[in-house]
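Look for subunit A in each of the two complexes below; its partner is subunit B in the first and subunit C in the second.
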Partner chain A sequence: MLKALVIDPGKCTGCKQCELACSYVKEGEFNPAKSRIRVFDFHQDARFVPYTCTQCAEAWCQQACPVNAITTNEWGVKEVHDSLCVGCKVCTIACPFGTVNYNASTGKVIKCDECGGDPACAKACPTDAITYTDIEQAGFDKMRHWAAQTDAGSRAGH
Partner chain B sequence: MGWTGKVLRVDLTKGKCASEDLNKEWADQYMGQRGLASKYLSEEMDPKADPLSPDNKMIFATGPLTGTCASTGGRYSVITKGPLTGAIACSNSGGYWGAELKFAGWDMIILEGKSKKPVYLCITDDKAELLDASEIWGKSVWDTDAWIKTRHQDPQMHVSGIGIAGENGVLFSCIINDLHRAAGRSGVGAVMGSKNLKAIAVRGTGGVKVDDFPAFLAATSAAKEVLAENAVTGEGLPTFGTQVLMNVINEAGALPTRNTRDVQFDGAHDISAEAMAEPSGKNGKPNLLANQACFGCTIACGRISKVNEEHYTVQNKPEYWHASGGLEYEAAWALGAATGVNDLDALTYANFICNEQGIDPISFGATVGAAMEMYEDGTLTDKDTGGLKLKFGSAEALTTAVELTGKAEGFGAELGLGSKRLCDKYGKPELSMTVKGQEFPAYDPRGIQGMGLTYATSNRGACHLRSYTVSSEILGIPEKTDPLVTDGKADLVKAFQDATAAVDSSGLCVFTTFAWTLEDIAPQIDGALPGEWSVDKLLEVGERVWNLERQFNLQAGFTAKDDNLPKRLLKDAAKTGPAKGLVSGLKKMLPEYYAARGWTKEGVPTNETLNRLAL
Partner chain C sequence: MHHVILGTGPAGVIAADTLRKQDANAKITLIGGEEEPPYSRMAIPYLLSGQIDEEGTYLRQDKGHYETHDIDVMHARADGVDSKNKTLVLEDGKEISYDRLLIATGASPIRPPVEGLDLPGVHTCWTLADAREILDRALKGDDVVLMGAGFIGSIILEALVSRGVKLTVVEMGDRMVPRMMDETAGAMLQRWCEHKGVNVLTGTQIREINRGKNRLDVELSTGKSIPAKLVVVAAGVAPNIGFLEGSGIKTGQGVTVNGFLSTSATDVYAAGDVAQGKDISTGEFSVLAIQPVAADHGRIAALNMAGHETPHEGSLNMNVLDTIGLVSSSFGAWEGVKGGDNTRMCDEDGYRYLRLEFDGDRLAGAQAVGLTDHIGIARGLIQTGLKLGRWKDILMKSPERLAEAYVATAQGISTV
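Presenting the complex of A and B:
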């Protein structure tokens, strides 16, 4: 079963525990600036939105890499191999979503790799705004929510 | 390792920024934030200095857990001598700014002197410089935030600064970061304004490390579980915010109403958490849109609200139609119950203006309440108020007053003095609901006896956040005590004061203590810092901080006479509710408290106490 990080911005409070967990796992320190997942604060709309790599099936970053440093693992996750990455940053240009970024202190690019199947951000999220679930059923809860509302009208008519 | 070990010293007079090593010996004795900065302040300045002169210093300080994954680990405090009180001031704020300062590599910033012209301090990692603020002097907090981010082309910057209230010397002006998080009390914004410092912008790309990562992660994870499972921090605060208290405190007969003439407000429900969640206006949306967490906080009590677009305050003013920081309990009480106003949209608008212009809504609302009483008894006339009809319950008076206060225009300039100076000026000192010049907050000491002693003895003037005995007396945390009796309150207040001083020195939020005891907190600090940090050590640090602040105030000229309450609370009995017939029993509690503290009858720490605390 392939899994995905499913993000529900409606549940996000903007606490940034995901950024702290990610940067600790990847950098060994608390450093949101180097987190692979970032939370955006759309203050005037009262919305907080966590955002990270969605692991495209046909990934722009992977196709653009001139040295084949980005590979797909058995879970469909695109991984950067530091031993191959030359820091050319072409992938950061190719990615339409901005989720591949350059780390100046190492000279390599960094992106979400779902922590090898056990993403720290999802575990750290206190409100379940970030969950790690079956990729083919990612929309199930949302469908269920809307299904409940669709049914409510007809039941009320009885 | 918890601390970054670096202090940024900014000489505003000379326009110079310099890095220096953190004093590790003091850090071990005072931990960080409130405690450590109070130590620096005490060592470096004369407590008798005029708070608005260049001789006053100002410290922005983080704690060792600021910028870590500990829940609520994002706090910072501003420590200075407060102009509202003349006492040591320590105003604590959340949001994201404190953590960002840590990521830039600094434990604290010490500001001294006075700049010749308006400047802002810009910190990008280890680079710090003072830049010209002439284009933003006169602008609001919100416009300043946007201007700085645009000027530096960096939306990831975090800004802490003053609005026009701080520039205009409003004595209860505050410092606002991240648009609506406030270092709120004692007039710290006026100190910043007096130094011609508009804002401090920070961007940090470094990391924060702790001493023992495995131990720290185990302790912080366990503590987060405790918060999640607790009824207050896991459910009450995220759902209702601090406003969960409005109906509770009103029913307890401890909601100071109309300048504390009464202890219950007939409009309490209209301005409560429950009302904020009810659909209102044409679009049927509630006042409350979302809850927001500060940095690292797994409670998320912050309110994000909107003023109904049809409300008179924002008609044809689309700049106020967006969501922003909504009403917390203390603000809702001060803007509402203290003034008798039950119009939720008017309160939300007034709160927006307080955030936009950097005004402490507690002191502002309480001062308006005092002015309303003087207006109604004829002391203040229309001539005095410039035609402002300051009647209890008038939303229009409240919302006009808040606009005038920030600008220091007309009667707003007098309101900006705070209720003590205002009432003194008009010959009615007894109508000022203050201690040491600071307006007290949303708990009536007749209905919650411990809060009377809390206000009277608070080192920064009347305040609920120095020993929140409401926890015990009303909510039963950590154990229930009777709010109507004075027995045992001296020891209770001392215990809360010491524990709170420790929490305030750590980088954590005091709201965690609805669920956490020091048993939950000590292992987190112990994991973050070198050395042993036990519960006993935290209590010792807390007591040391308390006595250090007390000494600062004694040296500034305060005496036991200032550990007092307004006559109204000591002479006029509560008229309704559970506390009906009661006055504050301060006179009985105060000597017990001095004894519990190891102070003389004159409220001075004995040599034995000072030696015990290595002071």
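Presenting the complex of A and C:
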């Protein structure tokens, strides 16, 4: 069964435990700047929006990588292979969602890989704003719709 | 069905892979002009800096990729296309017939008319063969002169610095990366590079290069002469269209294509650095010689070749550059559009700069120096033409809130 990270901003309280959990699991340090998930604060509206990669079917980051360093695993997740990534950063400008970021301390790019099927952010979220759910139940359509608009051509169906 | 792809850069290789996905039985021939496995020119700077070996530049990293997918890779150079008889003519006289042809021959470095560019010790930095020469010649402490501080020159700059050479960069424009960034950003990059020990001469031309005693003498327009063991030429590139002369296939700046990446000849398509495809910012057809465009072109051309009519809506010009640790990027109409507003955030001491250009309440272009977080959002906003509404006013005051503006707009958060 294909699972995905499902984000319900309405449930987010802005505690940012997801950012800490992510950076700790992926980088071994509590450093939101190196988290693959980011919570945006909209104080005036009292809204918080956790934000990360939606693992596009035909991913721009993957297509744009000149050295084949981004591959799709069996769950459809786009993974960056550090041994191949040269740090050219083309994927960071190609991703229209801005969810591939450059990590200057390693000279490589980082993105969400759903922690190999056990995402730390979802486990750390105390309010179920981030869950790891069967993809059929996920509110993915909205994100996919936006993804389609960004396409240089028509990606749907192929 | 026989698909012939001319060119083994990213456009050609992505097209071959896409064609195979679409049609398990088609014959696919991928023809490269260099005696190398398909590789990425973009990876060459990282080969020079020692981060990767030659294999690390290969476009496909899985072992036996082309055999596994039954893609015939051959090395040959094209001499012409007989589009009436659907035949490709090679330089060795051989002919290959095709049902569909993709021209993805890329570009080659321009050699400006400067005396001495043919001397030993003067090299372009474009092919793996060039890279091997530079690896041999650019050693620690050597005097090296780099001609050109455009986008490609600036990428090579970093690789040369990492090799520990004593580097002088000569750029005829008034600033570094003049076709990628504005005066403020260009000056910031120059100041940064100078601070890192690189001698950057803008507004300066190389008049001629002479053979001196155990060295080259590079004569500048300022009257000065500088010694060099190696001169690297990065004076721009031009599409490889010469072999199409007399073929009847229309060319302009590059190969002329329509909105489906089809050329003026039936069943002949073009993609990547050689194709004059649609630019989404201007609505015009021009060559955008960048990796993401090659990737988009390759995929869309292949879909059309396989019979799935797929429009190419247009590409966005964008670049990202790392000059010795200072990362800069630019997107779309970074110089602005007629009647549009713009806003800037500039921190000279911190080497941070952000300039946004609007068309009404839509983002039309962006430039960033020293800011990399979520920067791809600039592409998303420009390419989708998302109306920013009141977030435009917020951005006019605080351009650094770009990522927030996108997330809020996409999520329908108004912010009063």
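Note that in this section the second predicted complex is superposed on the first by the 138 of 158 C-alpha atoms of A that agree within 3 Å, B and C clash if a C-alpha of one lies under 4 Å from a C-alpha of the other, contacts with A are read in each partner's own complex, and residues count from 1 in each chain.
Convention: a contact is a pair of C-beta atoms (placed from the backbone, for glycine too) under 8 Å apart; a residue touches a chain by one contact, two chains touch by 3 or more.
Just so we're clear, the structure is a prediction, and the values are computed from it rather than from any experiment.
On the shared subunit subunit A, the superposed partners subunit B and subunit C are arranged side by side without overlap. When the two complexes are overlaid, the chain among subunit B and subunit C that reaches more residues of subunit A is C.
Contacts of A:126 after superposition: subunit B is touched, whereas subunit C is not reached. By the document's definition of touching, both partners, subunit B and subunit C, reach A:47. Of the two partner chains placed around the shared chain by superposition, subunit B is the only one that A:17 touches, whereas subunit C remains out of contact. Once the two complexes are laid over each other on the shared chain, residue contacts for A:29 go to subunit B alone; subunit C is not touched.
Put simply, subunit B and subunit C get as close as 5 Å, counting only Cα atoms, in the superposed view.
Shared interface residues of subunit A, touching subunit B in one complex and subunit C in the other, are 33, 44-45, 47.
Interface of subunit B with subunit A (complex): residues 67-69, 71, 96, 99, 103, 156, 179, 204-209, 213, 217, 224, 228, 238, 289-298, 300, 304, 306, 322-324. Per the touch definition, subunit A reaches subunit B in the complex via residues 13-17, 20-21, 23-24, 27-34, 43-48, 124, 126-127. Residues of subunit C touching subunit A in their complex: 10, 14, 22, 40, 42-43, 46, 51-52, 56-62, 280, 291-292, 295-296, 299-300, 303, 308, 310-316, 318-320, 322, 325, 327, 329, 331, 372-380, 383-384, 403-404, 406-408, 410-411, 413-416.
Against subunit C, in their complex, subunit A makes its touches with residues 9, 33, 38, 40, 42, 44-45, 47, 49, 51, 58, 60, 63-64, 66-69, 84, 86-90, 92-102, 104, 107, 146, 149-154, 157-158.
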